[in-house]
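Starting off with a structure, shown below.
Naming follows writing order (A, B, C, D, E and F), and every chain is counted from residue 1.
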Amino acid sequence: DFTRALSEVEPKFGAKSADMQAYYRGGMVNYGEPFESMTETVNRVIEQMKTSTKTPLMSLLISGEAETGKTALAAHLANASGIPFVRVISADTMIGMSESGKALEINRNFMEAYKSPLSLILIDDLERLIEYIRVGPRFSNQVLQALLVLLKKPPPEDKKLLVIATTSIPLLLEDLSLTQSFSLQVSCPQLEPSSPSIKTVLTDSGVEEQDASAISQAITQPIGIKTLLMVTEMARSNSGGERIDLNIFLECLHTVGY
Amino acid sequence: DFTRALSEVEPKFGAKSADMQAYYRGGMVNYGEPFESMTETVNRVIEQMKTSTKTPLMSLLISGEAETGKTALAAHLANASGIPFVRVISADTMIGMSESGKALEINRNFMEAYKSPLSLILIDDLERLIEYIRVGPRFSNQVLQALLVLLKKPPPEDKKLLVIATTSIPLLLEDLSLTQSFSLQVSCPQLEPSSPSIKTVLTDSGVEEQDASAISQAITQPIGIKTLLMVTEMARSNSGGERIDLNIFLECLHTVGY
Amino acid sequence: DFTRALSEVEPKFGAKSADMQAYYRGGMVNYGEPFESMTETVNRVIEQMKTSTKTPLMSLLISGEAETGKTALAAHLANASGIPFVRVISADTMIGMSESGKALEINRNFMEAYKSPLSLILIDDLERLIEYIRVGPRFSNQVLQALLVLLKKPPPEDKKLLVIATTSIPLLLEDLSLTQSFSLQVSCPQLEPSSPSIKTVLTDSGVEEQDASAISQAITQPIGIKTLLMVTEMARSNSGGERIDLNIFLECLHTVGY
Amino acid sequence: DFTRALSEVEPKFGAKSADMQAYYRGGMVNYGEPFESMTETVNRVIEQMKTSTKTPLMSLLISGEAETGKTALAAHLANASGIPFVRVISADTMIGMSESGKALEINRNFMEAYKSPLSLILIDDLERLIEYIRVGPRFSNQVLQALLVLLKKPPPEDKKLLVIATTSIPLLLEDLSLTQSFSLQVSCPQLEPSSPSIKTVLTDSGVEEQDASAISQAITQPIGIKTLLMVTEMARSNSGGERIDLNIFLECLHTVGY
Amino acid sequence: DFTRALSEVEPKFGAKSADMQAYYRGGMVNYGEPFESMTETVNRVIEQMKTSTKTPLMSLLISGEAETGKTALAAHLANASGIPFVRVISADTMIGMSESGKALEINRNFMEAYKSPLSLILIDDLERLIEYIRVGPRFSNQVLQALLVLLKKPPPEDKKLLVIATTSIPLLLEDLSLTQSFSLQVSCPQLEPSSPSIKTVLTDSGVEEQDASAISQAITQPIGIKTLLMVTEMARSNSGGERIDLNIFLECLHTVGY
Amino acid sequence: DFTRALSEVEPKFGAKSADMQAYYRGGMVNYGEPFESMTETVNRVIEQMKTSTKTPLMSLLISGEAETGKTALAAHLANASGIPFVRVISADTMIGMSESGKALEINRNFMEAYKSPLSLILIDDLERLIEYIRVGPRFSNQVLQALLVLLKKPPPEDKKLLVIATTSIPLLLEDLSLTQSFSLQVSCPQLEPSSPSIKTVLTDSGVEEQDASAISQAITQPIGIKTLLMVTEMARSNSGGERIDLNIFLECLHTVGY
């Protein structure tokens, strides 16, 4: 299937590749048009980084609702890019750090990247990194400023850097001048109720053709791929066997707030 | 009675089980439908954690008015789950700590949990942990961010983690993106004036059938189970003997603000 | 007189009892109904703590306008309770401490109390402890959170704790969820202009029957017992002899802002 | 003259008395009714402190517009009181101190005072001590809380303490609960245009009878005694000789903002 | 071509000159009127600094939309100025520093400059240096104050200093009194849709005459030179060969948010 | 010319006098009425300080628009005063200092001054010292409070102190109670378009009579003396020779924002 096909393209980098795969341990499903179009845009930029010398710094923001697969997409494409130096900057390794500690840590990652001819830095969940909360709003200005500066700073001569970041709140981050600091922005959409994407995801996830069709028709609002996969798993484990009871699926969907 | 029945299901884990029981020292009363429905939902998720490997991280928020029995319910079900590694994260062990100290302590508990194949972390009273106060609002952003990050971070390969948390202010925590960070939410209701629940709780608590009926009819607003049990005890101790004087009960009810 | 009678009920605990008495050095006057009703409510809770095992933690808030005798009442009843372990938590021992220092100190007092089978903690003037000021409002969130947590935390098995606190601003503290954290609330009123309470206080304080009557009739607004006692003393010292000149009394009353 | 007369009443305490006199180095002028009435009120309280044992803590706030002589009045009466232990708490000895440093220093002064049978603490310019600025408003909550606590804390048994403080902004300090924390408040007024006070101050200050009359009639708004004395001195030094030119006086008055 | 011509004027200062060139590594294109007029204004001030002794301190602010070439312009002219001591103050060397650390570092650079008879300090991106964010607004007051002071402080006798700074938000910085602190302000405009500037930039950048014309006509909004150069490079790398496909160019333009 | 004349009056104090002269290195021009009137007011106060003993502390605020010559005026008159102890307190020596560090440094300067029989402290640019920014407003309350206290604190016996300060925002500083803390305020105006002041300044600055007249007539708004001198110098250096081209002058005027 497609998942296998995708993983074959991935270069073998031992531990590092394994690290990246942790972000899409459930595998990647090619659910059709929106997925392919996003993949193409990102890959075009990756290609540009590899071939051109005139744009030593490019940055790309993957934005979309919660649970739409942003992190998995970014990690998967980074892993498949063949760029040897890949680093992930994520809030989960900095819990409890001071603001300046975080800014320094982010800076350190960029410094490290500047040493390779071509590097890729993946910044997962910008809002968590800058400790953003809508009320106020509150955020770490020191971390934000570090990002704003580093997203504009050209790497040293003969070095190239691609930054890929993810966020669920691109509009709110515009007020912080963060969204605009990226060279380009890619939208990662929810799966549409009437599209074939949902059925594709379900069958790929092991749901029987028939059940997949029934469920697909029963979903009436856009849904994130991560949510869909979780609810499917809840329904499966509650249905007892491998087959999924439509009513149980809908009940589970309701439980998670739909 | 039911309390005894319930405790029989509990696995024997020595000290740990005793610790958990401290949160429902007064015992658990099965007061009918709402209690059974909550129990079922939580147990279904526990079951899913035990059997499925596709959802290594699930989180569940028990929300309800003050004194509705949220902590007792969570502790009781955690204890009865048979999950060997159970940890409670609660503000009362962190009084006087700095914000980053609290964030680190929470992180430490998660790290510890990641070492077991299947763990359960009970976070009691989210609002106290993040030091939330409605005016402002004020809260510890550092602790909040630690929670937001950890509620999204998948455990390492082959490890599974279930997080159960309680709160009295789910709507206010929505503004902090906290409520939405949980996979599912369970509502813990007050006891309804006209329902048989109140009488069940009273008789289980040792109130004579007749008195229980009288009291039950005299209560005209929803009441938390913890409040009901406390007022019953006040009334009993003020009535002199074991029987409870209805007027004294109503007086006590009034004293506590009803 | 009544003052003597009251002091006879007090258990003899050497130094500790003396400490508590410092809060009502001027003695306690039984000024009738409101005083007796408050005393009764508090004593009922004390009795419940002594006899019942089902409510190991009770908390009671004495609220009332400035100078109505809240602190004296709390200290007097605590002293008379016969509860062996009694501790006072008051802002005056924590001047210049950091917020976390105060939170730790409060916590330490509770930990200490948890060691006795039955303890009483008197928290005087909640607003000073949490450094509350109406403009803003400003307050120490760290101290407030410590109180909110400790007022909910059940003591260890077989231990019982009664918390009695005082405040002049119960409504403002509601915005901080503090007032609601107490099991019950008792109102400590001002002395009413037309009530016999004022005359009782005056004569008990050594004012001649006749002067007391005159003064009593001249007071037209509710007045705190502490204010009344101070003005009486000012008037006495300004009148030259033991008798109190009504005009001088009214003048003094005016000087203190009535 | 009166200045000499006043200074004769002052007890001889060597250095300390000299210290107090620094606050009214220009001498004290008895400018009639308002001055005598203030003096009487303060002295009555001082007398009460000396004779009565029932009010071990009294506090008095002298409030009035800028430059009305509040500090001089307080220092003069404190010095004249004959109370052996007198301490001044003033912001000028605490410049650059941390907030908690100031709170501790204030506390230390009270502790020191508690050691004497009868003490007087003069707190000059409350607004400077609490670092108050109208915009915001901003102030040191830690210093304010120290004052609020200490103004309510009774001295140890057999000790008595009188606190006299000054302020130019009694109404603003009401929002901070500070004004109300004093037992009584005394208003220190500006000199009234039509009153004989102005002429008295001028002649006492060495202005010729005739010039004093002319100036007195030319002043049409209330004026603080400190301002009047400064303008008089400016005019004198600008007039060349000892006689004061009315036009030069008015010009000087205008220069200082009248 | 012009780029070469420009670089010939640059004095040879070894490493330093190379450092400055890093800010316009892609070279400088003379795109006609607005560029020449800006160059002339700046050069006139540079000339004044060299010849006159009466204006030992001059400061010049280059302001313009994002990506209009401000930094490149400033660095290029600084490098070409022949002023021996040139220093760049930029936020990217101060990530993670404390506010006072930044203020001291800025001060240090000025102190260093004061040692040379004639120095030039280039402050790149004022908003990043003062950590400005529109919401609030938030900024480092300590760094801002250091700038405000240093922009007014005359160098020591016989020393001269020229400060050139860049910003994208001159109007917002007016609220901070920063824009006004400069002696003069130069506007760096976007390239106008109908002007020949765009075609000049494109052909200089290696785009074939014909393609340049087509693209130039297809651009309908003002565009920053940096954006134009980046999109051109994206389009080139996506077009496969050296020739640029107009549709691909427009697609790329759309991708970056136009 | 007048500049020379003025400098002759200055007492010779070696290094110190040189230090003060740095603030008006371009010399002082007597531009007529407003300058003479300001000089007279300040000198009258200086005279009063020297002769009278009844006003040991006087403070004078020189306020006026940016670039009107406030600092030069203050420094010049201080230098010419003949007062032996003169100290300048200015933000430029305190960059990067903590707030309390600044407060202590200011205090230290006053303490030092208190040691001389007659001292003069010049506080340049109050707004920079207190780190004032209109938005918020933000300012260092600790530094502000130090100033408020020191501006009211009388020097020790037999010592006299004159404080002269400058500010461009007297109205904004009123909200901070700072403007009112000075004994008197002197306004330093811009040069008026129709007044002979402008021509005087120009000719004194070496502009030919004829050019000076032409320029003087071309200026239509009030202008600060510092701005006028700078623009004149810019125009001279741009005109090529010593003569100034009117059009170039107007162009330069426009460049600096007029």
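Keep this in mind: a residue touches a chain if its C-beta (ideal position, glycine included) is under 8 Å from a C-beta of that chain, and two chains touch if they have at least 3 such contacts.
Since the structure is predicted, the reported quantities are computational estimates derived from the model, not experimental observations.
S.K.: Among all the other chains, which ones are in touch with both subunit B and subunit D?
M.R.: C
S.K.: Shared numbers divided by all numbers used: is that above or below half for subunit A and subunit B, i.e. same or different?
M.R.: different
S.K.: Quote the value, from 0 to 180 degrees and to the nearest 5, of the angle by which the CA atoms of subunit D must be rotated to coincide with those of subunit F.
M.R.: To map subunit D onto subunit F, rotate by about 60 degrees.
S.K.: Return the chain whose centre of C-alpha atoms lies at maximal distance from the corresponding centre of subunit C.
M.R.: Most remote chain from subunit C, centroid-wise, comes out as E.
S.K.: Based only on mean CA positions, could you tell me how far subunit B sits from subunit C in angstrom?
M.R.: Distance between chain centres, rounded to whole Å: 34 Å.
S.K.: Need the CA-centroid distance for the pair subunit B / subunit F, whole Å please.
M.R.: The computed centroid separation for subunit B versus subunit F comes out at 69 Å.
S.K.: How many angstrom lie between the centres of subunit A and subunit C, each centre taken as the mean Cα position?
M.R.: 60
S.K.: If you look at subunit E, which of its residues touch at least two other chains?
M.R.: none
S.K.: Name the ring's chains in order, please, starting from subunit A and stepping to subunit E first.
M.R.: Ring order, starting at subunit A and heading to subunit E first: A, E, F, D, C, B.
S.K.: In the complex of these two chains, what residues of subunit A are touching subunit E?
M.R.: It comes out as residues 41, 44-45, 47-48, 51-52, 54-55, 100-101, 103-104, 106-107, 137, 141-142, 144-146, 148-150, 152-154, 156-157, 175-177, 180, 183-185.
S.K.: Sort out for me which residues of subunit E touch subunit A in the complex.
M.R.: 22, 25-26, 66, 91-92, 95-98, 125, 128, 131, 133-135, 138, 229-230, 233-234, 236-238, 255-257
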